[in-house]
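Think of it as A, B and C in the order they're written, each chain with its own count starting at 1.
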Amino acid sequence: MTLRVNDLKVYYQTLRGDVHALDGVTFDLADGEIMGLAGESGCGKTTLGKSLIRLDSRMKHVGGTIELDGKNVPIADEKAMVPLRYHEISLIPQYAMSALNPTRKIGRMIKDLMKARGVDPASIEDELHRRLELVGLEQDVLNRFPIELSGGMKQRVVMVISTLLNPSLLIADEVTSALDVSTQRAVAESMVEFRDRGFVKSMVFVTHDLSLVYQMADTIMVMYAGHVVEKASAKTIVNEPKHPYTQMLISALPEVGSTEEQGRLEGIPGKPPGLLDPPTGCRFKDRCPLAFSKCSERPPLVEIEPGHWAACWKTG
Amino acid sequence: MWRYIGRKLFVYLLTFVIAVTINWMIPRFMPGDPVRSMLNRASISDPEALERMTTYYETVFGLDTPLYQQYFNFWAGLFRGELGVSSMLYPQPVLDIILRSLPYTLALLLPAILLSWIVGNRFGAFAARNKVLDNTVLPVGYILTATPYMWLALLLAWSMGIVLGWFPASGGYSFSLIPEFSWLFISDLISHWFLPFMSLFIVALGGWAIGMRNMIIYELEADYSNYLQALGAPRRLIRRYAFRNAMLPQITGLAVQLGTVIAGALLTEIVFNYPGLGTLILSALNNRDFFVLQGVFLFVVVGVLIANFIIDIIYVLIDPRTRVQMTGGGA
Amino acid sequence: MSNVAGAPGTAEKSDGAAAKRGSEALHYARRNPKLLIGLGIVLGLLLLGIIAPFFVDHDPNEYIGPQGQAPDGEYWMGTTSFGQDIWAQFVYGLRATFLIGIFGGGVAFVIGTAVGFVAGYKGGIIDEILNMLTNVVLVLPALVVLIVVTAYLEVRGLFVQGVFIGLTSWPWAARAVRSQALSLANRDYVDLARLSGRRTWKIITSEIAPNMSSYLVMSFILLFGGAILIAAGLDFIGLGPSNGVSLGLMLESAVGWGALQRGMWWWFIPPGLGITVIVASLYILNVGLDEVFNPKLREL
């Protein structure tokens, strides 16, 4: 196993109290697995992505563990996380377009970053050039400032930078949402290729775009209101979802294969519950057509068939 | 970039034309008779000299020619370097009087502006996101920017000049000395320069420190900082980047603040009776010497415009974004 | 003044949910020491300037006491070398300082926001022209222009001084408002208002301005402080209101009549201190406001 997350709880501290953004999240990620992480906005998927690499100042680790390649990942300990970052866990941020320092040439910035992380820039230079070529960029981009590149070029540069040290785990946070459809596909394809070439061992691909994730991911994990509701192979999730929420999510898509801009779910009546004071039991029960008395207890995430996990009393 | 510089040049040219026009208009359209009030104050006892002065000012104002003619004559005179003749120091040309005072003002201004900018930026960057320092630098900085220039000048003149007697509190050099290139005179010049300079430097310092602190905090929240942090880059590198990027608005700020600092220098000079343009303005005001006043005004405006232009060029050279736009780069 | 006083950053604004944001802001406001201290001092001095003059039963410029008296029980701040009561001058001067701040700052605010809104909202050639105008006024050194202009006035009053200060100090506010309005003008709800055929002025006042109200308040405070400082400078040079009382005029006469050489510190310390404390409190209040309204700065 590359990554093993066990009962992870991360809360946001706000004025009115803690927002239970991740409330007992458990899943495994195998070597070489690309996992799509899907759900409505506010379901905790971005929080999960962040929690794996860097908590921001309002986030609080409340419980649970993360293990990467058999070693504990001390997410609450800022200092202890530093050696892991980039070398073991890396990130392609949502804001890739503005992730590069506007006043440094890209090559220079990479050198600065390498030195700061204890890597001799000369030792990765050839690899850097190879990878740039792989994503269709000329070496010359290293002599340019970010403003001289198009959005898609910046995205690819960030992709190369983020994976340059061959991390075990790559978190890609909504990387395609700012791109047009054709570029989206190209980016998604290069991500798969990066995995195939072993630049990254495994990947968590946070997105609201189920159709894109279906094409590139091996597995899909669906979250709802801070809980994992279902995880299975991409095919299974799209074709034979078991959890009622996943079913509604899939049926709300216009048609698999076409691109839905926003993951809005007009098809499902009601709204997700607020996470400031979340309801007990299954969090989907108020919107669920199948809800019954037992749903006031939280359903455990169980493996209903090999590699297919779901958290629902009806499927269990 | 040429487009950028061209636009800037156009604005500066326009500003210059407007400034000259204001200069021309004010004495002509303000209520009252400027020639009369000017001559009333000029303490000339010789009636013949007074006669000559009156004729001179009336021709210069050209009140008997049509307005547009007066306006063009004004410009023509300007291009010949004629700023008129002073009434308080009749018949000295205004230009000579100003050129005599200018070095003193520049000697105060240039070091004060540059040093306060450099030191203030360092300080502010240092204080940003450092709880203890931030809690002291911030209030001190705000108090300093809120201090009227002349008041700090008064406090320094009183405490270090009069009470402690460490530095002379008045004048540009001792009356007993004759200006010459000797160690004695130069050291005297410097000791007179020190307090007005310090006063200007300290007030300006606060503003830069605060500006830098605020900019750095903003930059540390920027996406590129977050990305570097996520990749485990050390604080040192992130702050270095933030500092570089925060410098750019501070350079623009230098241009914006120029007017304020110049005003500060003029006020400070008055407190110390320092023989620069500020003191000149005051005596011109007291003697209703409008020609000197307007000459100083034009000099200051031109100085500000030149400084602005220099800052623009520096900015273009430093910020890759404007530089890229000039070479038509960008994919 | 653009980079003074926590120049309002990019305060994020969520459309709608304004009421919720308001109560949240209030919550932070109550706990923000910068805001509370700044506001407290400003209001305290304002009250002093309003009330104290009623308890002074003589004209502040009247020669009433002993000459050059150091502060004592009868004359709390001493007297000038002519025997004027400095306490009386100080409290009347406070009043004048607040007046010129409100008035000069107000004129600058009205011009600056009007120019900024129209430029940012209308765009195109109007934006170009207004932008150019803004840049021209911005590079002209305000105090020097004011000196030349007011020097010709035979009689000067607070009103005229305020108008002139306003006319020269609006540009940076116009710039700031313009960039904010520019970003807001492209929001959906503004588009909707435009499509529904509402008047530009209505859209600006009902859709755009409320969404940047915190920003406007902060701009006004900065202009207010700036106007006080400029007025003090003008007064000090001798171009203040004729026969008036102000903190700047007090400094002028203190220097003019040799308070420095005679060591009459009580003559020049109170007026300068008054200006400094008012303006510094305004700036600090502004930083507090910025922290309250800008969520990014809250975690400090």
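By definition in this document, a residue touches a chain if its C-beta (ideal position, glycine included) is under 8 Å from a C-beta of that chain, and two chains touch if they have at least 3 such contacts.
The shown structure was predicted, so the numbers you read here are calculated from the model rather than taken from an experiment.
Trainee: Counting only C-beta pairs in contact, which pair of chains has the most of them?
Mentor: B-C
Trainee: By C-alpha centroids, what is the most central chain here?
Mentor: Centroid comparison flags C as closest.
Trainee: Centre to centre, using CA atoms, which chain is the farthest one from subunit C?
Mentor: A
Trainee: On a C-alpha centroid basis, what's the spacing between subunit A and subunit C, in Å?
Mentor: 49
Trainee: Approximately how many whole Å separate the CA-defined centres of subunit A and subunit B?
Mentor: Centre-to-centre distance between subunit A and subunit B: 55 Å.
Trainee: Express in whole angstrom the distance between the two chain centres, defined as the mean CA positions of subunit B and subunit C.
Mentor: A distance of 22 Å separates the two centres.
Trainee: If you look only at subunit B, which of its residues touch subunit A in the complex?
Mentor: 222-224, 226-234, 236-237, 241, 244-245, 248, 319-321, 324, 329-331
Trainee: Using the touch definition from the top, list the residues of subunit C that touch subunit B in their complex.
Mentor: My answer: residues 1-7, 9-10, 132, 135-136, 138-145, 147-149, 151-154, 172, 225, 229-230, 232-233, 236-239, 248, 251, 254-255, 260-261, 263, 265, 268-269, 271-273, 275-280, 282-284, 287, 296-297, 300.
Trainee: Which part of subunit A faces subunit B closely enough to touch in the complex?
Mentor: Interface residues on subunit A, with respect to subunit B: 53-54, 81-87, 90-91, 93, 95, 98-105, 112-113, 116-117, 144-145, 147-150, 153, 158, 161-162.
Trainee: In their complex, what parts of subunit B are in touch with subunit C?
Mentor: For this pair, the touching residues of subunit B are 11-12, 14-15, 18-19, 22-23, 26-27, 30-32, 34, 37, 134, 138-139, 142-143, 145-152, 154-155, 157-158, 162-163, 169, 207, 210-211, 214-215, 217-218, 221, 249-250, 253, 255-260, 262-263, 266-267, 270-271, 281-282, 285-286, 288, 290, 293-294, 296-297, 300-301, 304-305, 308.
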